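What follows is chain A paired twice: with chain B in the first complex and chain C in the second.
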Partner chain A sequence: MQITFEEVSHVYGVGTPFERLALQDVSINIPSGSFVGIIGQTGSGKSTLIQHVNGLLQPTKGTIRLGDVTVTPTRKLPHESRRNIGLVFQYPEHQLFEETVAKDVAFGPLNFDMPPEMAELRVREALEIVGLDYQEMKDRSPFLLSGGQMRRVAIAGVLAMQPKVLILDEPTAGLDPAGRKAILEAIYRIHREQSLTTLLVTHSMEEAARYADRLIVMAGGKVMLEGKPDEVFAQADTLRELALDVPETVSLISQLNRKLPEEQRLPSSVYREEELISHLLARISDRGER
Partner chain B sequence: MTEERLLALQEVSFAYEGEGGQKETVLNRINLDIHKGAFVSVLGHNGSGKSTLAKLMNALLLPKEGTVLVTGIDTRDGELIWEVRRHVGMVFQNPDNQIVGATVEDDVAFGLENMGTDPAEMRTRIRESLQAVGMEAHLYDQPHRLSGGQKQRVAIAGIMAMRPSVLILDEATAMLDPMGRREVLNLARRLNREEGITVVNITHFPEEAVFSDRVIVMRAGQVEWDGTAAEVFADPDRLQALGLDVPFAVRVRHALAAEGVSLPFILHQEELVEHLCKLLLKR
Partner chain C sequence: MLQNIAIGQYVPGTSFLHRADPRSKMLFIILFAILVFLANNVITYAILIAFTVMTVMLSRLSLAYILKSLRPVWILVLFTVILHVLITKGGEVYFQWGWFSIEEKGVTQAIFISLRVSLLVLVSSLLTLTTSPIDLTEGLERLLGPFGRIGVPVHEIALMMSIALRFIPTLMEETDKIIKAQTARGANFTSGNLIRRAQNLIPIVIPLFISAFRRAEELALAMEARGYRGGVGRTRLRTLTMSWRDGSIALAACVLLLVIGWWRT
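For the complex of A and B:
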């Protein structure tokens, strides 16, 4: 589903002493099927931005288009469109509430009046996608699972709605490396298999570099940079000014390029680790060092 | 000298009660000594027993078997439990769950008030400990208005005010953004270097372990590995098999070496840059 923001601003607490401009004239275009990494410091407007995409917040000014639906300050996102847009909040495991895993994941589909047999099928599929065994997990209490398992159950609850747009707010925060990888790989797989449009809010440039095909960098409620990962990572100075990192791959290449003669420099468009390694190998074997 | 041994775990086991009432062993006969002034990182995947280990070190949990000694005090000695906790301060993962005061000053004062510290002494210690964490300008601020990294620094100040021997960071950087993470880690390194505080950093981030004197890898309730960062990261395959990551420079060097490129062991990115340049420029 294509997502466009046209000059969208959002002000919290209009007319109160706490009035705060959280989004300022944001214009973005996210083509259908993109995997977008949204990056920025805490307080930069990332969460406000994504809450506009699923209709939790309405713009104070501007227009948002989600497929053929238009949202404006006076026109809300219709209820039936909401099920197309799945939002996984930060620490989604805090929102688990049912007594069994199966009931928790089924809550959304049942709430949208899906017949129980169909909902069960969806639950089964959703748990499989996040790598949990349905038979083994369905009757267990979600509160007695490990942190990583709880997070997967919560994500399954959103996937069971079969959204067309999947928004994840730091889905890997606080997990160990194996848990982070498992969740991101599952998300990436379903993104491709179901041709979703996916928005991933992350602090990790490594995660953004690995999975996203577009990046949006936010600061102070504005979009500072937008584009393909290599275009964004090429703006290392701007990123540093915003107290953001470049991926370690990009920083390694720029350090190497500073020391290498011009004709030997590595292409600065490389940012994936595997790609960097094969470039280095090719260069080194050219020099007969292997 | 034996007093150099700040923390000692001897044959320590711990078990939680599981879902159906059965015992789930989390730590199994651990033996560990931590010396004064060390900076120790503890790695391990979720459920490996890292956090239980930390909680045993300041008597938040008591061993089911074996003995935990903090500056020679047995943590099971109920009379001395507050002495143990004064010596071993702990910062947890979620910055929002450990702030108790309405202002930064109140928050740092909390532990001191509990100990019945003299008010004049209390003011001095609050000022000193906030200076130590670089938060003196926020004395009268409301903690909920601070960033995650700042909140964790205030939590550390509350511990520093108690003049502890050991600071335990139990995944204290896990919920922070990269800037907050750097703030907290740099602070812990400085307190270790300049104030001689012994630091135990429990973390999922291998880059944080690169700077420690010692890295302990936990697996299924046991110490799988205990050595210098160079020793532990020398075998990335073994760590990755445990679901753990290794620092970027180690990963790149390992991938190149696996393809036959001759490179010595590398821990830091600067070394990697230097060696790669040599290889790329050599004729």
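For the complex of A and C:
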């Protein structure tokens, strides 16, 4: 589903002393099927931005187009459209409430009037996507799981609605490296298998570089940079001004390029870790043969 | 979604009222409450209204915002006005239709009662609007200090109050977030009959309770880890001090007391 923002602004607490401009004239275009990384410091407006995508917040000004639905300051997103747009909040495990894992994951599908047998099937699929065994987990209380498992159950609760757009607000915050990787890999897999449009909010450049095919860099409620990852990483100075770093791979490439003669420079498009490794290995073995 | 519910939530600032000592503000409110009940004619009420308007101006907050933030209270006031107009009888009859009548006493009662409630609520909301929760509880603790000698756990009461005040905005934020998260999963909170609606609240209430308990546990742990063990012998980072502002509040209180005492009938 294509997502377009036209000059969208959002003000919290209009007419109170706590009034706060959280988004300012944001215009973005997210093509259907892309995996977008949204990066920015805390308070830069990332969460505010994504809550507009499924109508939890309405713009104070501007227009949002979600496929063929339009949201404006006066026109709300219809309830049925929510089903197509799955939003996983930050610390989603805090929203668990049911007695059993299976019931909790089924909450979304049942809310959208799915027949119970169908919902059960969805629950099974969703739990398997996030790497949990259905038979083993279904009757357990979600509150007795480990932090990482709770997070997965909560993500499964959104996946079970089979959205076309998947939005994740810092899904790896507070997890150990192995847990982070497992969750992101699962998300990436389902993104490709079901050709979802995925928005991943993160403040880790590494995560963004690894999975995203487009990046949006935010600061102070505005979009500062937008484009393909290598285009964004090329603006290292701007990123540094925003107190964001380029990924290690990108800085390694630029350090190597400083040493290398012009014709042997590494292309900036190999910023993904595996690609860079295989690129370098190929070079080294080339040289060995010569 | 819940942004307008916080009645009297602290608004940081540097006005006269913000800088005055919380103790003098609290004592003044007690006196003001007495004065509101002493006032009994047009002149005394006019004086109190004028004084309240002046106090609002001293807080440098917009009257519109204060009035808006007290919306639930106005509904209550409106309700009492209607009740008094309809039920209290006596004096001249303004309007009669069968058994139904509006009479002089009812109208005057309605006006006085609503004025009393409004003035009291306005002035006391200024206390929480201009005093940070820390100052508020410290002021309370110091004011109640003498009762500590007769065994009242003053420090604990103040601590409980400060924790409660501290966590009201946090819990509101949390509620807002949980409502949004469940809405994103298709929950609908506004349809169905009463029982249905109550059931619809379960997905909000349970996570909220769990998070409140978790926060309480974390807070207790954090306090213990930093060696907290009650109020005895505890020193303070910031101590309250009286200034010329508190002198002028005391003066205003005396003047008001004399004026109301003189003009009331």
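The rule we apply is simple: the second predicted complex is superposed on the first by the 287 of 290 C-alpha atoms of A that agree within 3 Å, B and C clash if a C-alpha of one lies under 4 Å from a C-alpha of the other, contacts with A are read in each partner's own complex, and residues count from 1 in each chain.
Basically, a contact is a pair of C-beta atoms (placed from the backbone, for glycine too) under 8 Å apart; a residue touches a chain by one contact, two chains touch by 3 or more.
What you are looking at is a predicted structure, and each value in this text was computed from that prediction instead of being measured.
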First (chain B), second (chain C), both or neither: which does A:His79 touch? second
Return first, second, both or neither, reflecting whether A:Leu276 touches chain B, chain C, both chains, or no partner chain. first
- request: Could you look at A:Glu6 and tell me whether it touches chain B, chain C, both or neither (first, second, both, neither)?
  value: neither
Does chain B (first) or chain C (second) touch A:Gln264, or do both, or does neither? first
Between chain B and chain C, more residues of chain A are touched by B
Looking at the overlay, does A:Phe112 come into contact with chain B only (first), chain C only (second), both, or neither? second
| If you stack the two complexes on chain A, which partner ends up touching A:Glu128: first (chain B), second (chain C), both, or neither? | neither
First (chain B), second (chain C), both or neither: which does A:Asp25 touch?
neither
Both partners, chain B and chain C, contact chain A at residues none
Within the complex, chain A is touched by chain C residues 3-4, 11, 61-62, 65, 68-69, 174, 177-178, 180-188, 202-203, 206-207, 210-211
Per the touch rule, the chain A residues reaching chain C in their complex are 12-13, 15-18, 51, 54, 56, 79, 82-83, 86-87, 89, 92, 94-97, 107-108, 111-112, 143, 157-158, 161
So, in the complex, the side of chain A touching chain B is made of residues 41-43, 140-141, 144, 146-148, 173-179, 203-204, 243-245, 248-249, 251-252, 255-256, 259-261, 264, 273, 276-277, 280-281, 283-284, 287, 289-290
Seen from chain B, its contact residues with chain A in the complex are 19, 44-47, 93, 147-148, 171, 174-175, 177-180, 204, 206, 243-245, 248, 251-252, 255-256, 259-262, 269, 272-273, 276-277, 279-283
